[in-house]
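Look for chain A in each of the two complexes below; its partner is chain B in the first and chain C in the second.
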Partner chain A sequence: MEQARNRLMVVLFLFIGGFALLGLRTVDLGLIQRVAERERTDWSTAPVLPRRADIVDRNGVVLATNLDTPSLFAVPAEVRDPEQAAARLVSVLPDLSLADVLARLQSRKGFVWIKRQLTPAQVWKVNALGLPGLKFQQEERRIYPHGSLAAHILGFVDVDGNGIAGIEHFFDDRLLDPGRVGKPLRLSLDLRVQHALHDELEKAMVMHRAIGAAGVVLDVNTGEMLAGVSLPDFDPNHAARALPMARFNKLTNGVFELGSTFKIFTIAAGLEFGIVDLEDSYEAIHPIRISRFQIRDDHPKRRVLTVPEIFVYSSNIGAAKLARDIGADRQREFLGSLGLLRPASVELPEVGLPLFPDRWREINTMTIGYGHGIAVTPLQQAVAIAAIINGGVLNPATLILQSDNLQPLGRRVISRTTSDQMRALMRVAVTKGTGSFADVPGYRIGGKTGTAEKSGIGGYRRDKLISSFVGVFPIEAPKYLVFAVLDEPKGTAETHNFAGGGWVVAPAVGRVIARIAPLLGIAPESQSDENRFRRTALLVRRE
Partner chain B sequence: MKRRSLLIGYGLVVLGVAGVFQMKYQIETKERLLRQLQQQYLSDQKSLRVLEAEWAFLNSPESLQELTGKYLELGPVPPDRILASPSLLPWRQPDAGRLSPRPDKVKGPPPDPATNTGETIPTRDLAPLVRENERLRMGDGG
Partner chain C sequence: MVLGRADDSLLAHWWWTVDRWLMLAILLLLALGFLLMLAASMPVAERLGLDNFHFVKRQLAFLVISFGTMITISIMSEQNARRLSLLLLPAAFVLLVLTLTIGPEIKGANRWLQIGNFTLQPSEFLKPAFVVASAWLLAGSFEDQKFPGRQIAVALFVVVITALLLQPDVGQSVLISGVFLGQLLLAGLPIGWLALLGLGSVAGLAVAYTAIPHVQRRIDIFFDPASGDTYQIDTALNAFRTGGLFGTGPGEGLVKRVLPDAHTDYIFAVAGEEFGALACLVILGLFAVIVIRGLARLLDEEDVFTLLAVSGLLSLFGLQALINMGVNLGVLPSKGMTLPFISYGGSSLLALAITMGLVLALTRRKPRSQRLPTTQDRPSR
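Right after this comes the complex of A and B.
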């Protein structure tokens, strides 16, 4: 009996010890080790991040984003009748080829893509077929909600989401960086300005049956691009379908002999180096003959022209003579300091190499004086002009929004006085000269026209032009610059069959400025600014 | 006595077990709710991305311009319609708020547009309206 009782006690204590251990472990799990359980539930409060960061404009409008789209794949081993399945698939997805789909369905692989990134309607149709062995996988697709509007700036991605062109390519690492994928890349573009420029250039291109166009809106004090357009363009949502010609970015990759807008640099150099002042004049009665070339004026005045008149009436003869006085070395150095002899620095992979003579002879100096014999991209031309009129500081173009408190890293290229004189000349070129069609009362636009003949086989072609116009506003303290180029425009009845920059591009730039100035907060002035540049204006004699 | 404490002990055990089960079921319910909310959150975030893209698409300047041309009689504002300062507006009190009253809303005899400028509108009639405007401005401005 005593023995039985002892045994019972041993068993009892064993059980008590066992349950006590269990109880302790429960307390341990419930109170001490519950941190582990917390972590399990925490993951899902993290935001869902796309694989590639969004791109937004300066106001936060979405320019490129990633959306989930289903892609169709097959597990060939599970497909029962590949021939019939292939035929039925092609009947609902007509852009697939029957032979190709059949080959994939008959392959020995465990996984084959049929079609990437389907629309909801296509998914519905494929599901309606009820074929076994076909499955969908959610994949991210790059969407450009504004279509072709900023196509050349944004660029595009391939089907796996890797940047192929434009910003998408240049900032590929930044956009794919997992640490920064939640923060959108903010561009300097303003979508409203982009649209105004795109719209007006498209209209001008259609009206004058041009084969292409390019344009840019720059903040002259920071180098920020508010808009950049190259036409014809393409829809980056379907970039593979675009023609190579449409994909080519004329603004940053195309080099053109831009003609008379180069006179801005010639005259600025002449004033800066002290070779001339505004009262000086050059004889422009006879065309210049040099070797086998002849330099003549498009708007011949056949008299002695003051420096402002050379600029305002766009005299090639005067500009060539002034360039000759500046000399090859100084001209080359000056254009180099404006960044015109090396590729423009901008955050795009598509940047064109300027073309200029290896041996800078006198004839080159003279033709470059009025913008022939040197080919640059419209963007670098705009950046250089911005430096001439903004007080003399060159700011490289940028597509990234600059913060307000950051001082731009500009480099002084001309003195403030020269810059002031150039602004006066550009205003008078609009009020009294070739740029008069760009004038918008109230917005004080200064500008310069450019009309260049395209070079072809056996010299320049008088019927194929590159017409351009640069407009700056408000001229007394410039904030924005609009530069536009039309490739091979044709004259219309309204332009009396002229196709020069003053006739075909200046009105378009004027309309762009009238549209964007209110958006950019530039108040129009009701009083005429005639007196502001009176001294310069008086040097220009009207016929 | 011993019997009674045993009964109380049993009762406590039953209550404890019932309580623990009750807690377990409540936790399960809460966890189910949490999972649902997490799912909801994820799908909301996805639809947010889709809606943002759609918003950008529908608000694209090109389509807005097209719709404006179709349904509205609005055009770009010519420079001569833009004033540098609101104080240049006729009928406007120099010290009035942004929401300046329209002349036809002002009580009292209607001012004669031919002779009246902003200064000649009787200020005492305007005072309550100006105060109201001030109040509204303070309210919405924050």
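Right after this comes the complex of A and C.
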């Protein structure tokens, strides 16, 4: 009996230990591992969509945000008369199909979507039906308050909130990261600049009945994009309704033979490699015949042209001859160093692949010298030109705001001297040459026109042009670059039926600069800057 | 009703000898259990397409029947209580064997008999009957060395366990084995045998692990949560975490909507979510009071049969509670076992009422027990 009692004590203590252990575990779960109220998981309802971070421009203006919108779902088991319910639902939500709604209401599932993201009016109508078994689930809908204004940059999301295009797709993980969801993604865009560029391009496109347009405003010292436009565009709030043509981003995804703005690279390479200096000249009296091609000038002077004249009057003959002197290898290496032979590096999924010849023969070298036989995206072109005029440093384009104290990781492509000479040439091209319509008093714009014939079946078509203009300001120490392209513009009476870059795009770029320079804190200068580029200007003889 | 000390009626006698604190603790458990049932069973009933109050109504009926049964048994004399157990044992055993042949298969096991509206689980009734019977046999051989009580008890144990494993019902087997082992040790089994039996039970578990797929799966999952679906246990643990100290409030809980066995095996998690850790500690405390206080009182017990029977019944009750709450709290591998007096289930409730009724009957104060060394000699009152 004594032994039994002792053993009973052991059993007793085992039970005490067991209950104590479970008591501690209860306290552990209920007190130490307790989760706060707001973190509680709600198992009873359908999964709530993850919140996406907002996207804002460089000044904090909201470009993309979320709005709680109710979505309609049904619990089929609770729907009394599916046929009647379906008929009444379709009567207030006419875009639904009766058969589809009925099939959903008759399914054996516990949860079926009827329609996602309803307007308040639709919610009111559905509630007014008073049908049992229909319920609303709050969902987040992505809202782009500025509509189409920056559509191609921002991209859009699908109905479940996944990024499908543009920044929304490229930064999908970042925007959905729960740790950073409260911190908006800050872009380099300046919505005011974006609006000016969008507005002027749209007007120019209408005025010249162009089929499309693209444009970009770059900070030449950081590579930041302040604006990026592709037309026609679409409303990302209703991206599904947009035509594929409208969704296509011409700025970063479309590749074009951009024509004469390429002469910037040809002259820069000639100066950089020491093949020519500004006093040298080429004979441009006769068109060049090479194999079955003929290289002509659009504004023929029929005389010997100095290097500045080749640039300012945009002589194809002169540029082709200079390109031939540079040679295929050095030309390819130079264009490659400017990032023109590989897809542009920018934070968008839609980036076009440049097109250039596999075998870089002499004829290719010469046509590429004035921007034919090579197709690049307008954005790449703008970034490369920025490197030529900013002192010679290539900064890849970026859509993300760069902090002021962070030095951009640029790569030197030409010397400062060559860059200074190129800026002088671009200023003279505006004061004395093809880009004169871009000049805005006080803002010292430097620029270059581009007019390329689109290639079609059986060669180039003189009536289908890609007209462009690049403007840089203030030219003595450039801060910003505006590059704009019109696809198939037509001349008007005002332009004497000319549709070249100098006639149709340069005035638009001038107006963009006149609008954005004050916003960007560039003060106009009343004093003429004639003396600054006098030496270069004197090399350009006016007829 | 006033029962005076001098009142000599059966009821008065019962009232002054029965362990009233134990009864109070059981009553509290029953009340708490019914409260939790109100909360936990409605979503389950809704999900099964039954009337919201389906489980509540049935449980209420079972509660009344069970409480009556418990009081009735607690009034019985020790002899009658023992006789009842010895009658219950073969009856439950026959029914248990019947489940193997005519019982419906539910969730892969033959554990139930369909009687009209009710499903009866004979193994629930077998447990207390077996414990009392083995206590009687062991006590017999303790007091009379020539009586082969131990051998008969072991043989009985083997038969019962075999029947249970055939169902298969590993949980009840483990429970009965543990309790029987305890009884053997209390009855003076040399400690060396413990090691042997320990080895035996490890071997038994190993056989169960290899032979019964769902046992294997559950044990695998317990030791390596990545190896399978831990949805139920994760959900239960989250319920305790969201409940915190004071709970989300009655009716505010969510586990009961998603766990299929919220009203039976996982009712403790429902309590943790809706009423909080403090309420769980109260439930835990009630079980502890019943078991520990009951065992502590046995330390003064002179009668071997009473000691063996009551310690066995209390261990049965206590182990079942510990295993259920341990599973809910994620410290034991998942095992379908009800929480005594709290979970829904008619068989379980009635069997527990019998168990505790027997405890109450056997622990009633016996004025002359110190002078009566053997059960056989005890005069009836």
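In this text, the second predicted complex is superposed on the first by the 493 of 543 C-alpha atoms of A that agree within 3 Å, B and C clash if a C-alpha of one lies under 4 Å from a C-alpha of the other, contacts with A are read in each partner's own complex, and residues count from 1 in each chain.
The rule is simple: contacts are C-beta pairs under 8 Å (C-beta built on N, C-alpha and C of every residue); 3 or more make two chains touch, one makes a residue touch a chain.
Just so we're clear, the structure is a prediction, and the values are computed from it rather than from any experiment.
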Identify the partner contact of A:132: answer first if only chain B is touched, second if only chain C is, both if each is, neither if none is. neither
Figure out whether A:27 sits in contact with chain B (first) or chain C (second), or with both, or with neither. second
Partner chain(s) touched by A:17 [first = chain B, second = chain C, both, neither]: neither
In the superposed arrangement, does A:5 touch chain B (first), chain C (second), both or neither? second
Determine, under the contact definition given at the top, whether A:67 touches first (chain B), second (chain C), both, or neither. first
First (chain B), second (chain C), both or neither touched by A:182: neither
Determine, under the contact definition given at the top, whether A:146 touches first (chain B), second (chain C), both, or neither. first
Residues of chain A that lie at the interface with chain B and also at the interface with chain C: 41, 44
So in the complex, which bits of chain C are touching chain A? 182, 185-188, 235, 237-238, 240-245, 254-255, 257-258, 272, 276-278, 280-281, 284-285, 287-288, 291-292, 295-296, 298-299, 302, 304, 307, 311, 315, 318, 322, 325-326, 329-331
Quick check on the complex: what are the chain B residues that touch chain A? 34, 38, 41-42, 45-46, 49-50, 52-57, 59-62, 65, 76-80, 82, 84
Residue positions on chain A within touch of chain C in the complex are 1, 3-5, 7-9, 11-12, 15-16, 18-19, 21-23, 25-27, 29-31, 33-35, 40-44
Residues of chain A defined as touching chain B within the complex: 41, 44-45, 47-48, 50, 61-63, 65-68, 143, 145-147, 149, 191-192, 194-196, 199, 440-443, 514-515, 517-518, 523-526
